[in-house]
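Here the structure is laid out as C-alpha cells; the discussion comes afterwards.
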Amino acid sequence: MANYQNDMERMIVESVLAELRKSGAAPAACGNTSGGSVIEDGVINLPDIDHPTLTNAKNYAAVEAMKQVTNARIGLGRCGTRQRTDTWLRFQADHAAAMDAVFLDVSDDFLKANNLETITTQAATKDDFLREPNWGTRLSEQGIKKLHEICQQDTRIHEQRFQTTINKVQVQIIIADGLSSRAIEANIPEILPPLVQGLEAAGITVGTPVFVKNGRVRVMDQVGMELGCDVVLNLIGERPGLGTASSMSAYLIYRPTKETVEADRTLISNIYAGGTPPVEAGAQLVDLIQDILKYQCTGVKLNEATK
Amino acid sequence: MFIISSAEQKLISVGIDIGTTTTQLVLSRLTVRNSAPASVIPHMEISEREVLYRSNIHFTPIDDHLLIDAEEIAKILEEEYRQAGMNPWDVETGAVIITGETAKKENAANILEAVSEYAGDFVVATAGVNLESILAGRGSGASAYSEEHHKPYANIDIGGGTANIGVFDGGRVIDAACINVGGHLVELEKGGDTVTYIAEPAQRVLNDLGIELMIGDKATQKQLIRIAERMAELCVESIVDRHPGELLDELLMTPALKDTYEVYQVVISGGVADYVYSDYEPVAISTMTQYGDIGPVLGWAIRKKFAEAGVTLAKPLETIRATVIGAGIHSMNISGSTIHVNEETLPLKNVQVLSPFPKDHMPRDIDEIASMVSETVDRIHSEDPDKILGLALDGPAEITYKCIRDLAEGLYKGMQNYLRDRGVMIVIVGADCGKVLGQCLDIVSDHHIELVCVDQIDVDEGDYIDIGSPIMGGRVVPVVVKTLVFEKGNK
Amino acid sequence: MKLKAKMYNRTFEFHSVAEVMAKANEVKAGDTWQGIAAESQSERVAARLVLSRMTLEDIYENPLIPYEKDEVTRVIYDDLNQYVYNEFKGYTLGELREYILAHSGDEVLRLGRGMTSEAIAGVAKLMSNLDLVAASAKIRQPARCNTTIGLPGRISYRNQPNHTTDDVNGIMASMKEGLTYGSGDAVIGINPVEDNPENTAYLLKTVHEFMEEWKVPTQACVLAHVTTQMKAQELGAPIDVFFQSIAGTQATNEAFGIDAQLLENAKEACRQGGNSLGPNFMYFETGQGSEVSLEGDEGIDEMTLEARTYGFGRHFMPFMVNNVSGFIGPETIYDGREVVRADIEDLFMGKLHGLPMGIAPCYTNHMRCDQNDQENGTMLCAMAGSFYFMGVPGGDDIMLNYQDTTYHDDASIRQILGLRPTPEFEKWMENMGLMEDGQLTEIAGDPSIFEK
C-alpha cells in the first residue's frame, strides 16, 4: 500500500477503490495474503499452493479440508476473473518443470555417478522420439551391440563372484527416460539399492542395469529377446502432469516375444516422493518379481494365476 | 505375496460393551478393499461398515459381592449370539470394552479377558476412559460430523457412571476427557422417592450442593433436579470453560480438555441421551425415577444447561449404543499394504508400544538411534521380561535408502538385549516405508530374527495393541489399539 | 476431376482425392508421421488449388474409404439429405467456401445437410483461421438435455472435477468450486479412474444428490465406457446423457469397442430409462489424431477423419460433442500453432455438421505448447461461438495429466464477450448470490458456500 500524506487522503483513496470494486474495475476478491512464498537466505522460494489462497471464504477450514482430499488446484481465489499472481506463477513453474522433464536429457553426470551405460534407440533426438513413437521402441544397431557387451560381461562377472555355473541373468533392469528424464534422476538412486539388494537376498540373479536413451515401454521386449532373461523390468519416466514431473512407472514382462501385447505386461505406476516412495517401491518390486518367477508370467495372466 | 488375489474381503466384527448400567453386543460386517487404482501399489482400507445385529440392552449383572457376575455375562452373550444366528467362531475381529463404574470392579480385567476369549477369534479386550470416549464419539457420529463440517465436535457419552468426552476435528480425535458423573450414581426405588444407593462421586455433588441425603431417605423432586443440574453444569463447564472449578476438578478422571480450540457443537450419546433429545420434563417423581436412577432427569438437565450456555446440541446417530457400535465397527485398523512378516508369528496380543524417538527429532546416526532404542526398551524389558514390546516411530529422518538402512541397523542394534530373550522384533512405522524397512531389518539381522514390520498405523507411547493374522492374501494385518490401564477412583 | 496444378514454374501432380486432401492441410505432425504431408509449401498450396476445383459431386463419387468396407462411410452417405445434395452437387469446394462466408447461419446449416463429411473437411482446408471463425460464429443449432446449450448470447461449461483416485470428497470439492465460478451449466462430467459400473453408479448418484439438494439445473455424466454406463444404469444410476469417444473409421471405433448399433441402443436406453428431458441424449468426445494413434487411419489425414467422426456422430443427435485434439499427443499435434488451428477447424467442421460443438483447447506436457497458446485458442473458439468449454481447477487435470481451460478462464470469457450461462443456470447463480447482471459477485470462487 502506498504512503499517504494524511488520513484524509487515505480515506479518499479507499472510498474510490471501494466504488471501483463495486463496478468491477478494481480487483475484488484479492486480499493481502499471498500464496505464502518464503524467502530464505535472500532466495525467493516457489509460492506454496498446499493451502487455500482465497481470502474471504465463508468457512476457511472447510476449504483447507477440501485441499486435504485432492491435489486439484482449488481454493485459489481470484482477482477479477483471473488467477492471482502467485498461483499463476506456480502454474508456470510446474509447467516449466514438466516440459523440462520431457525435453531435457538425463545428464551425463548422473549416468556416470550411477554407473549406468547408455544404450541408444532408433530415435536419435528427442524430436524424433516424440514425432515417431515407434522409433523409441527399437534399439539402434549400436545399442544392440552394446547391450550384449554389457550384459554378457555381467554374466561372466557373476560366475566369477559366485563360482556357479548360472549362465543366465534372471532379471534384467533397464532404465528408460520415456517422457520424463526428471523421473529417472529423481528416483533411480533410491529405487535401485533396495531392488538389487532385495533380489540378491532372495537368490535371484540380476544383470547390470542399463540406461536406454529415448526409450519407450516396448523397447523392453527387444531387450528380453536379445538377452534371453526371464524378466525384464523397465523403469521409465511417465508423461508428466503439473506437479508430478518426477513420476516413474515400472513395467515388467516375463520372457517377451514378438507376439507380446500390452495386456502381457504388469505395471506399477506413480512411483515418486509424492506417490509410492521409490525406496519403498524397490522393496515391493522384489516381492512382485518373486511372484512372477514363481508363476512364470506377467500381466493379465499373472492376475489370473494368482486368483 | 504381492498380487492381491481378491478384490475385497469381508470380516465379521463384534462389539461388546459392559457398562455401569447396561451390557450390549453388536455384530457387524466390515469390508476391506483395495482403494488404489489398478496400476498403483495396493492400499487397503475398510470401505464399508454394516451393522448386522443389535442385541437387546441388558442390565449389567452384578453379584452379591458387587462384582460383575461372570456367569450371567456368559449367558447374555450366548443368548445374543444365538439370536443373531451366529457363532463365536464366525467372528473374526472386534473389541470388548468395560466402561464406567464397572471398569473399577475388581474382577473387571478377568471378565474382559474371558469375554474376549469367548467372543471370537481376534476380539480384543479394551479399556481405558479415553478409548471409551473415542469409541463413543465414533459410534455416535460426532467424528463423522466433524469431518463433514470441518469443525470441532465434542461427543459426551453419558452413561450410568461416567460422562466420556471425545473431541473430534476433521474426523480425527483431538482431545478426550472423562467426568465421574452419570445417571446411575444415585439409585432410588423404581418410580418412587426412596434413595437406595449413593455412589462416592455423587456424594461429592451432594456435598457441593449442601444437600443431606442418606440411603433410606426420601428425596424430593427438587433435590433430584438440583443434583442433575449440577452434574449437567459440570459437563457444560468442561466444554465451555476449560479451567475447571473445584468440584469439576475433583470429578475429572483425566486431565481437563485443552484450551487450544473451540468446540462448535456437542453431541450427546449414552443411555441418558434419549432424554436429552426428547421433550421430557421432570414434572412427576414417578417418571423421574422410572429406571431406579436419575437418568431421565439428568438428560433433561443436560438439554437445559447447554441451551442456557448457547451451545447447539447436534443429533447423534446412535445414543445408548454409541460405544458398543464404536467398539464393533471402529476399533480395527488396517496396516498399510507394506508389511514384512514371518507369518507364523501372528497374531500377537498385548504388545506394549514404545516410542523411543522424540516427535520432531528423528536421529540419523546409527549409534544414536541404537542408544535411544536400548535406553527405552531395556528399562521396560528388565522390569518385566515377559512383556512383548513394539517400537513405534513416525518414520526415518528422510524417506531415503540411506536413512532407512541406517535406521534398520540402529533399531537392530538397540534391540539386542531384548531380542536375545524374545526373538520377535516388532516395528510400527507411520510413513509408507514398512516394506523396505522390513527388508533392511531382515538383511541387517542376516535373516536371524522373527520380524513384524507394520506401516501406516497411528500409535502412541503407552498404547497396547493386538496385531492379527494377515488378511487380503497376506498383504495387510488388522491392528487394534487398546489400553489396559484401569483407572482406579480419581485420576 | 483434374489432379494437376501449376504453381508459377512448377507443376504438381496428385494421384487421388485422399492425397489432395492430405497435402492441402496446414502443417500437422500426424500427417508427417503417416508420411502423407505436402513436401513443400508450394505443394501444399497446389493441393488446395486442385481441391478448390473439385465439385461436391467429385468428392461424393470418390469416397475415401469404400461404403462396403466401413460403417462410418455408410452412416455418412445414408444420412445425407439428397435434395440439398442435388441442389449443390455442381458447386466446387471453392464456390462453397464463398457461399458459406456469404450466407446466413441457417442457410449454411441447410447446406451442411447435403455435404458429405469429406466435402466439409475439404472446404475447411481452403479457409484461413479468420475464415473459420467468421463462418463458425454464425452457425448455431442448440441442443437440449435437461437444459439447452448453444442459445444466442450464452456460453456454457463442463465442470470437470477429476480426481487421481476417484475420491468422492475430492471430486465434490473441485466441483463445488467450479460451480461458484459458473462452470457446470453444460454438464458436470467426471472422468473416472476405475471404469466399472459400481464406481460409475456411485459417482453419478453422489453428484445427483448434490444437484437435487442445491437444485442445480444441469446434467451429470461419468465418462466411463458407454457399456459401463449402461450397466451403471441397470444398477439404478440416474443417467442424463451417455458419454462415448468416437472416431472417423470403423477400425478405430472397433478399437474403442463401439459400433453404430451400440450407440443406438445407448440412445434408446437413455430415452426410455434416463433421467433427463431430451431429446438429445449423447455426449461424444473426438479429436484429430485418435485414428492415427490407434492405427485405424486407413491412410487418410487426421483432419478429414475428424470430419468423418462428426458425420458419424450427427446420426445420434448428440447433446454435446467435445473436441480434444490437443490431448492426443505430439505425434499427431506437435505444438501450439497446430493445436489452435485444429481447434478452430474442428469447431467449424462440427458446426457445419449441425452439431452442438464444444472445444477443449488443451495441451499435454510433451507438446511444444503452453498456456498462452491455450488461451489464444480459447479466445478464438469463443469468438467462433463454441457452445462450451471445459472447466478444470487451475487448468491442471490431476487425473488425465494435461491442461485445459480453468474455472477462471470460463468466467473471463463470459466477461470479455458479454456472454451468459444457460438461462436456468444463470437464475440459479443469481439465487445463490453468485451472479448479478451477468457478473460474478464477491462470493464466487469460494467452494465453502455450500457448507451448512
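Descriptive notes on the structure:
Note that the chains are named A, B and C in the order they appear, and that numbering of residues resets to 1 at the start of each chain.
Methods note: contacts are C-beta pairs under 8 Å (C-beta built on N, C-alpha and C of every residue); 3 or more make two chains touch, one makes a residue touch a chain.
The shown structure was predicted, so the numbers you read here are calculated from the model rather than taken from an experiment.
Farthest from chain C in terms of Cα centroid separation is B.
When the C-beta pairs in contact are tallied for B-C and for A-C, the bigger tally goes to A-C. Central chain assignment: A. Criterion: smallest distance from chain C-alpha mean to the mean of all protein C-alpha atoms. Per-chain Cα centroids separate chain A from chain B by 41 Å.
Chain B and chain C have CA centres that are 56 Å apart. Measuring from the averaged C-alpha position of chain A to that of chain C gives a distance of 31 Å.
Looking at chain C, residues 164, 451 sit in touch with two or more other chains. Shared contact sites, meaning residues of chain B that touch two or more other chains, fall at 149-150.
The residues of chain A that reach two or more other chains are 59, 62, listed in rising order. By the touch criterion given at the top, residues 1-6, 39-41, 147, 149-151, 170, 338, 399-401, 404-405, 431-436, 438-440, 442-443, 447, 473 of chain B touch chain A in their complex.
For chain B in complex with chain C, the touching residues are 35-38, 149-150.
The touching residues of chain C, counted against chain B in their complex, run 164-165, 193-194, 451-452.
Within the complex, the chain A residues that touch chain B are 59, 61-62, 64-65, 68, 189-190, 193-194, 197-198, 201, 249, 267-270, 273, 275-277, 279-284, 286-288, 290-291, 302-303, 306-307.
The touching residues of chain A, when paired with chain C in their complex, are 24, 28-29, 54, 56-60, 62-63, 66-67, 69-78, 80-83, 87, 91-92, 94-95, 98-99, 101-102, 130-133, 179, 239-245.
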